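The first chain written gets the first letter, and so on, giving A, B, C, D and E; residue counts start at 1 in each chain.
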Amino acid sequence: MHEIAFYLFAGLTLLCGLLVVANPFSRNPVTSAMFLVLCIVSLAGLFVLLHAFFLAAVQVLVYAGAVMVLFLFVIMLLDIKEEERRKLRPIGLGCGILAVGAIGAILARAYWYYSPKNLAGPVLEGSTAPLGQVLFKHFLLPFEIMSLLLLVAMVGVILLSKKDLR
Amino acid sequence: MILELAVIAVALGILLVDLWTPAARKVQLGYLAIAALFAILIGSFFIEAGPNRHAFGGSYTLDPLALFFKQFFIVAAIFVLLISISFADRIAVGISEFYSILLFALSGMMFAASANDFIMVFVSLELITVSFYILTSFQRSRLKSVEAGVKYLIVGGVASAFMVYGIALIFGMAQTTNFDAVFAAANKFYSKPLFIIGVVLVIAGLAFKIAAFPLQIWAPDVYQGSPAPVTAFLAVGSKSAGFVLLLRMLFSAVPEAVFDWSQVIIVIAALTILYGNLCAIPQRNLKRLLGYSSISNAGYLLLGVAAASAAGSSAVLYYLGGYLFTVIAAFTVISILTRQADDEDISIVAGLHRRSPLLAASLALAMISLAGIPPLAGFFGKFLLLKSIVERSASDSRFLVLIIITLFGVVTSFYYYLGVVRAIYWSKVVPDYSEIPLPLTARLSLYLCIAAILFLGIFPNSLVNMANAAVASLRF
Amino acid sequence: MKVGLEHYLIVSALLFCIGLFGVIARRNLLIIYMSLELMLNAANLTFVALSRFTNNINGQVMVFFIITVAAAEVAVGLALIVALYRKRQTTHVEDLTTMKL
Amino acid sequence: MEQLENSAWIVLLLPLFSAVVITLFTRRSGRVSALISIAAVLGAFLITLGLIPLVRQSGFVKVPPLNWISVGDFRIELGLLLDRLSMLMLIVVTGVASLIHIYSYAYMKGDPAFSRYFASLSLFTFSMLGIVLSNNFFQMFIFWELVGISSYLLIGFWHGKASAANAAKKAFLANRIGDFGFLLGIIIIWTLLGSVNFDHVEQRLITNPAALGAFAGLVGLLIFCGALGKSAQFPLHVWLPDAMEGPTPVSALIHAATMVAAGIYMLCRTFFIYQASSAWPEFLSFMNGITALEIIAWSGGITALLAALIAVQQNDIKRIPAYSTLSQLGYMTMAVGLGGTSAAMYHLTTHAFFKAMLFLGAGSVIHAMHHEQDIWRMGGLKKKMPLTYWTFLLGTLALAGVPPLSGFYSKDAILAKAYEQHTGFFILGLIVAVLTTFYMARLFIIAFLGNGRSNSAAHAHESPRLMTVPLLVLAVPTVLAGFFGLESYLSKDASHAHGGGINELLFGPINHAPFAALGGILAVVFGLFLAAGLYLNANRDPLPLKARGLARTLRNRFYIDEIYGELIDLTQGTLARLADWFDRWIISGLLVRGVHGTTEFAGRALRLAQTGNLQTYAFLLAAGIALLLLLVFKP
Amino acid sequence: MSILTYILGFPLLAALAIAFIPRNYRFLIRLVSLSAGALSLLSAIAMFVHFQTGAAGYQFVEKRVWVEALRISYHVGVDGLNVGLVLMAAIVAFAAICAAYEIKEREKEFYLLLMIMISGVIGTFASLDLFFFFFFHELALIPTFIMIGVWGRGEEKNYATFNITLYLSLGGLIALIGLIALYLQSGANSFDIVEITTHLQNTPLPEAAQKFIFPFLLLGFGILVSLWPFHTWAPLGYGAAPTATAMLHAGVLKKFGLYGLLRIAIPLLPQAASFWLDIVAWLCLGNILYCGLVAVRQKDLNLLVGNSSVAHMGFVFLGIASLSIVGVTGAVVIMVAHGLLAALSFALSGYLYNQTGTFSMERMGGLMQRMPFVGAVLIMCMMAGCGLPGFANFVGEAMALFGSWDKYKLITSLAVWGGLVIGAVYMLKAIRSIMHGPMPEDLPATFDAGPVRKIPFALLITALLLFGIFPRLLTDKIEPSAKGILAMTKSKPVAVAPLK
């Protein structure tokens, strides 16, 4: 059951991820955005499999709910058409694949052979209470910095996107 | 902690006061900020720092290193604010927001100076980075500024993705994110590939901040596009924040004994030096030139890191101290010059010695100090850095190669730094000889910088002692 | 085959690479941005998996922060893209080469 | 006594003092300068005369030296060496110099650089006295060089004239080539023997003749190089004829009487090193069996013959005596090479007097002819300038070696030595004697006898008294020097001295080596008749018609100057061009500019990566990270 | 305070004062500079006179801790080796200030830079601390750069400026690496030369360490002294430099590398030195013969002088390489003598350039008639340059040659040729084409030096003659110090000590 769910969600995540960046049928940003939503939701599924229920919820809420809406909003606002099919540079693409492939190969190989085997196993139950405890005790400072970050982002976004120039 | 809180309070205060300040006087909020920062700076000298002063479960530390950098950042911010005040007329919207975001970035840097936990590293870095995304594109009526912002954003995003990924790996192996705990667990994951990959990815993420290989490529574009005060702050503050994090991570979480990361740093340093110096040779845009120069300086600074010794780290601190004033002086001049001519080509400095001897002397001194020639601060910094790697070279021939590359880089850098000096003092074509009016703030900033460059070059003793004391809490 | 830590990690690695590839290959800033989100999400998956298998909640805290940062970055990024679009009527990176060499 | 010895220092320093005073203070006033200079050299001469008894008594006076440099083993003590040899030379130098100073006062009158002339002349006198009085190799080298520079200054006195400037340069360079050997020789002597003092070196060589080891022969040759340059011996003889571009009194002083004799003097002074073994270092092993002295003798012989031949076809009233000087110096060198140092010194002394007289006579003629030097434009000067005529005649005869003039005795001494040592040299000597008589007679006949061939010859008149008096004074030793048996004065063992009376003095040569004396006299007679037959009443030189090629070759000095020109151009010139080319194109071009260009090119190439396109950036940073990962993790 | 501090302090004070004098007070600026130079010179003469010949150790010492953490101290003092050099530097400095008379625009900057350069130049030779030794040398780098750039002449000025600056900085940096390595390896934990020397006398460096450090020092110093084949910067740079700069640089600053070799590299790293000096001896032929021949071909007076100055450096290298007391003493004498000579040569060529407007010797000629004083000085200068006795150069060169024949027979023989013959060829050529012969018609009106402008020439030529006629003024002082250095080269290292 766990295995089936894993392969389902994992496959879906990867497929959707791929369709975000390299959709052979559509180069429309909206399509990409929709697949990103799908990708994120299936990722949330993986989170659930890993018993990180709170994070799964946050993932769906923040990403699928807020971030993606923002994306779509901007796409609509700017009325961006389908990405023009400009000439692909095969050398550039090849190099890109090579570089990415190298990183991917290194990571995958390292994971496959060197993942820690002597761990406790899938034990952590990601219930919300301990998470909150750690967050507000141990990591209160980063949490507060996050609030600053959001403030800065807010101020910045207003400044950058306000239409009239005072 | 009180220092950061004070800075944040000032930043918030400015945002608030802005509401009741008439538009014409908003620029003067800068003086308020400077006064406040100055008070904080003075206050910082009464704060006691010690190796065991931790907070929040060890994720925040206030050791001498942290305090040193906090003071460093405050000084940098004061100077950047000084430049900003005279730069204000070129910012279309929200000068007070500009100030406050600067201050938020400052607080991020100050948090970074104290970060003792990978989560803190990430969070404080993001605070700095996001602030800079905004600052960089603050002149949004200029396409270049926005373009710089976008580039900074994308490259920064990739960098933080890599860093986060690296942190994840380190976390997985060490089962903790706290530096001290990672260090304590060092034996457990000794030479585990995943851990090593994690560390390399974090180094890469920090390389973005310090503009070093492999994430140096944004620097010239962003330096060119950003408003001059922001570029100055990027060059001084952001880079130093990267270095304090690098030093702290490498020397308190992952000492060299865990794995031989010096190989990585050596390669990064060598490539950074080569890239920065070589690319700068044909460069004619002043700000872009300083962008490349910033890359090469990151390379020199990495020498001190690569040396993996107390001498090396204190050399990094000293060098940054000199670099601060040098870069500020250069950008003060550039920000004034670019106001005069809406052009950043090197030819705008032609005849500067007639138009404004002070500007000419400041820029020339800055360039000479960057080139590392006595009796200026840059020389002593380079001297210390070289000393730290020569120390290693006797037993390790990789450092010998590094020395040779460094020498090559330094000599190459003479070419373009002195090219600026030449442009100032003996250009063939001088477009005009009109005098350049100097705002008082700029004058003040230049005098202070010149004094500091000379002082640090001629009497390095005090800063050396401070730097030595500051690095004492690191583990080598 | 029993699904273990390495499976999750490999999925994350692949997702990360897909994201990275998107950044490299795509020209539209918005899609590049989405690819960046993919990369961050890959990191998230790593954290969650490692957190579960090492019995350490700190990983989840980190994910929490990453999601927040991603949101903030997206906000700023999109604002920038809007500002850019207003100036230049484009979201293509190839058009962003006024500064080079 | 002590003061008397130290007065040698005064002899040496008086001319220097005069030179310095003139240079610093009296540059503006020529008369004062001249008087100072003349007074100084006369003073030196008088003190020298006063010193004679001192040397006569003890034979060898050592003046306490000054410690000039003392570093490790390198101790240079400037000292004065007064013995018979240097005393003789001292008399010659101060004596001739005094006369020439006086002569110059008249000859150079009206020259704008009168003071400079006398300053240079004083400097020269000082340097020459320095050579004479030196007690060690190093000091001698110092004055050797100073003589070189003062001769340079005097030859190039009329430096506005290109030919004079070139001649000065040539003289200095030729001397420098010789000095190269001289200095190297001194260096080797010092390195091997640890001292440069003449007496120390001599002592060391006496106690251990093999002290110089394999370098003995080489050292001898190297030291001889110095003489080669200064005494203008083949192959470094080319500068001397050109040096006649200088004022005539200078030619008389430097290039006839004193400086060119310095080489001979030096060889005699350092003769002890030739008595050591003549071994050669390995790379010169083909020289084994040949002694340095043989080479010296051959060099002298060749010079004597060559110069005499060339003199036969010269038409310049100064160049003929100049080549004659070369030839006579060759004689002396040959004598040294054959071991006859006293003969050489003997000839040197007599030659100094009569050659100076000849030059001064020539100067008088030139002065009278308004600087006309071509003998074919003279003639009939006998009546116009009787004093000059008679003294010139005396000099010619002395040079030719007509008994009982001094030249006969000294030349005979050399011929006798040659006869005793080596028949080849004897025959060579005889041929040169014939030629000497021939060319001098030719000069004399053309210039003084017959009728005037030009306007200036017709209007010539006798020179002023200040010029003729020195001529007359010089005539005295020309006639008498032979009678004093200077040769014996020189030899160190007193037993060799003449015991006999006037008879022995006059006919000594014939008694000792009758064949040599006879041969000498016959050569003179033969030469005289040849010249008289060809040139009496001749208006043009008949020789070029009779032996066209030979004459042209002679007139062109065997093309030696041209050959040297080509040779120098071929060697040093080519090397210099090569070095310059290499410097310009390889070192500063290919290497320096190459490194510079490559760096700049690398920069321009590398920054192409900075395309401004984010896609490129993303790719590059991914590749960079991949590189770093590969560095630490090898899959 | 030591008199040395005064000697190098006066110019620095003058520089400071000039910085505050308004730029149109030209006379005052000149006066301040001249009086600072004169005070320096007088102090230097006083120091030279009061120097106790043969006394052990250093004299006129002053030591102040500067950076305690690194044990860097401001430490000045003289022994026989550098007392002459300091005096020579002060003489040349004063002459250079006089020669700066030719500068007619932006005097303030020029004199300011000149004074900084002078104090750097003097400080270099007075320093007894590795750091300051280097520091003072580099202090002169930027003034040199700007002075050549702004007040320099010739078409290739820009290239020459950068060429010389980059070359010198490269040499300086390489030497710096060597100095740092020496500091680190010596174990004395101090930059103080005296302390390092005493420490290494007791515990010499292991051979491996010496072999590591010496090449850096040799290469760095070699570049700075224009050792063949790293010499091309010198003629080019000096050719473009204004007179005063060329005088100071060619005369004094260039001796930095030689002094460094003698004071530091050779006594402290004797084993490595004995290996490398054989190579240096061969390279010095590159200077003496090769650069001499290059000089022969030059048509530009400044290039000729520049190349000849490079050629002269060969004798110093030869003397040093001989490692004999005579050779080393001779080398130091040449350093002093050549300093004066080079300064004089450049002063003369600068004067001629000012008068004729050209450096091309083909366009000059017969100037002796117009300028007897300058002509006489030029002839004396050229003669000193080809080693005429009476001038200090002869003493030095002769001693270097005497000292080295035993060790390098062929090289010395060739060097004698280079010194006596090749040197004479180009020097005479210069005299011939500038001073002698007929005067070209298109030459502008030229004048002999007036009384004021005679001062630098007279000063330098007097000094040359003084040391040439009374060489013991120098040699007696040098010998004991040179002996000390040579004694150190005989010391043997500890058998096999591992590297730190």
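To be clear about the criterion, contacts are C-beta pairs under 8 Å (C-beta built on N, C-alpha and C of every residue); 3 or more make two chains touch, one makes a residue touch a chain.
Nothing here was measured: the structure is a model prediction, and the numbers come from that model.
S.K.: Tell me, which chains sit next to both chain D and chain E?
M.R.: Common contact partners of chain D and chain E, which must touch each of the two, are B.
S.K.: Common contacts of chain A and chain E?
M.R.: Where chain A and chain E share a partner, that partner set is B, D.
S.K.: Among the chains here, which has the CA centroid at the largest distance from chain C's centroid?
M.R.: Measuring from the centre of chain C, the most distant chain centre belongs to D.
S.K.: Two chains share more C-beta contact pairs than any other pair here; which two are they?
M.R.: Greatest number of C-beta pairs in contact occurs for A-C.
S.K.: Most remote chain relative to chain E, going by C-alpha centroids?
M.R.: Farthest chain from chain E, going by C-alpha centroids: A.
S.K.: Compute the distance, rounded to whole Å, between the mean C-alpha positions of chain C and chain D.
M.R.: That pair's centroid distance is 95 Å.
S.K.: Measuring from the mean C-alpha position of chain A to the mean C-alpha position of chain D, what distance in angstrom results?
M.R.: 100
S.K.: In whole angstrom, how far does the Cα centroid of chain B sit from the Cα centroid of chain E?
M.R.: 41
S.K.: Calculate how many whole Å lie between the centre of chain A and the centre of chain B, each centre taken as the average of the chain's C-alpha atoms.
M.R.: Comparing mean C-alpha positions, chain B is 31 Å from chain A.
S.K.: Can you list every residue of chain D that touches 2 or more other chains, as numbers and ranges?
M.R.: 607, 610, 612, 614-615, 618-619, 622-623, 625, 629, 633
S.K.: Considering chain B alone, which of its residues make contact with at least two other chains?
M.R.: 119, 122-123, 126, 130, 133-134, 137, 140-141, 150-151, 154, 158, 172, 193, 197, 220-221
S.K.: Return the residues of chain C touching two or more other chains; collapse runs of consecutive numbers into ranges.
M.R.: Each of 16, 19-20, 23-27, 32-33, 51, 53-54, 56, 58, 61, 65, 69, 72-73, 76, 80-81, 83, 93-94, 96, 98-100 in chain C touches at least two other chains.
S.K.: With touch defined as at the top, which chains are paired up in contact here?
M.R.: Chain pairs that touch: A-B, A-C, A-D, B-C, B-D, B-E, C-D, D-E.
S.K.: Name, in rising order, each residue of chain A that touches chain D in their complex.
M.R.: Per the stated touch rule, the residues are 92, 95-96, 98-100, 102-103, 105-106, 109-110.
S.K.: For chain B, which residues are in contact with chain D within the complex?
M.R.: 150-151, 154-155, 158-159, 162, 193, 196-197, 200-201, 203-204, 213-215, 217-218, 220-221, 259, 261, 263-264, 267-268, 274-275, 277-283, 412
S.K.: Using the touch definition up top, name the residues of chain E that touch chain D in the complex.
M.R.: It comes out as residues 163, 166, 229, 231-233, 236, 290-291, 293-294, 296-298, 324-326, 329, 366, 368-369, 383, 386-390, 394-395, 398-399, 401-403, 405-406, 412-413, 416-417, 420-422, 424-425, 428-429, 431-432, 435-439, 471-472, 475-476, 478-479, 482.
S.K.: Spell out the residues on chain D that touch chain A in their complex, using ranges where they run on.
M.R.: 615-616, 618-619, 622-623, 625-626, 629-630, 633, 635
S.K.: Along chain B, where are the residues that touch chain E in the complex?
M.R.: 353, 368, 371, 373-375, 379, 383, 386-387, 390-391, 393-395, 403, 407, 410-411, 414-415, 418, 421-422, 425-426, 459-461, 464-465, 468
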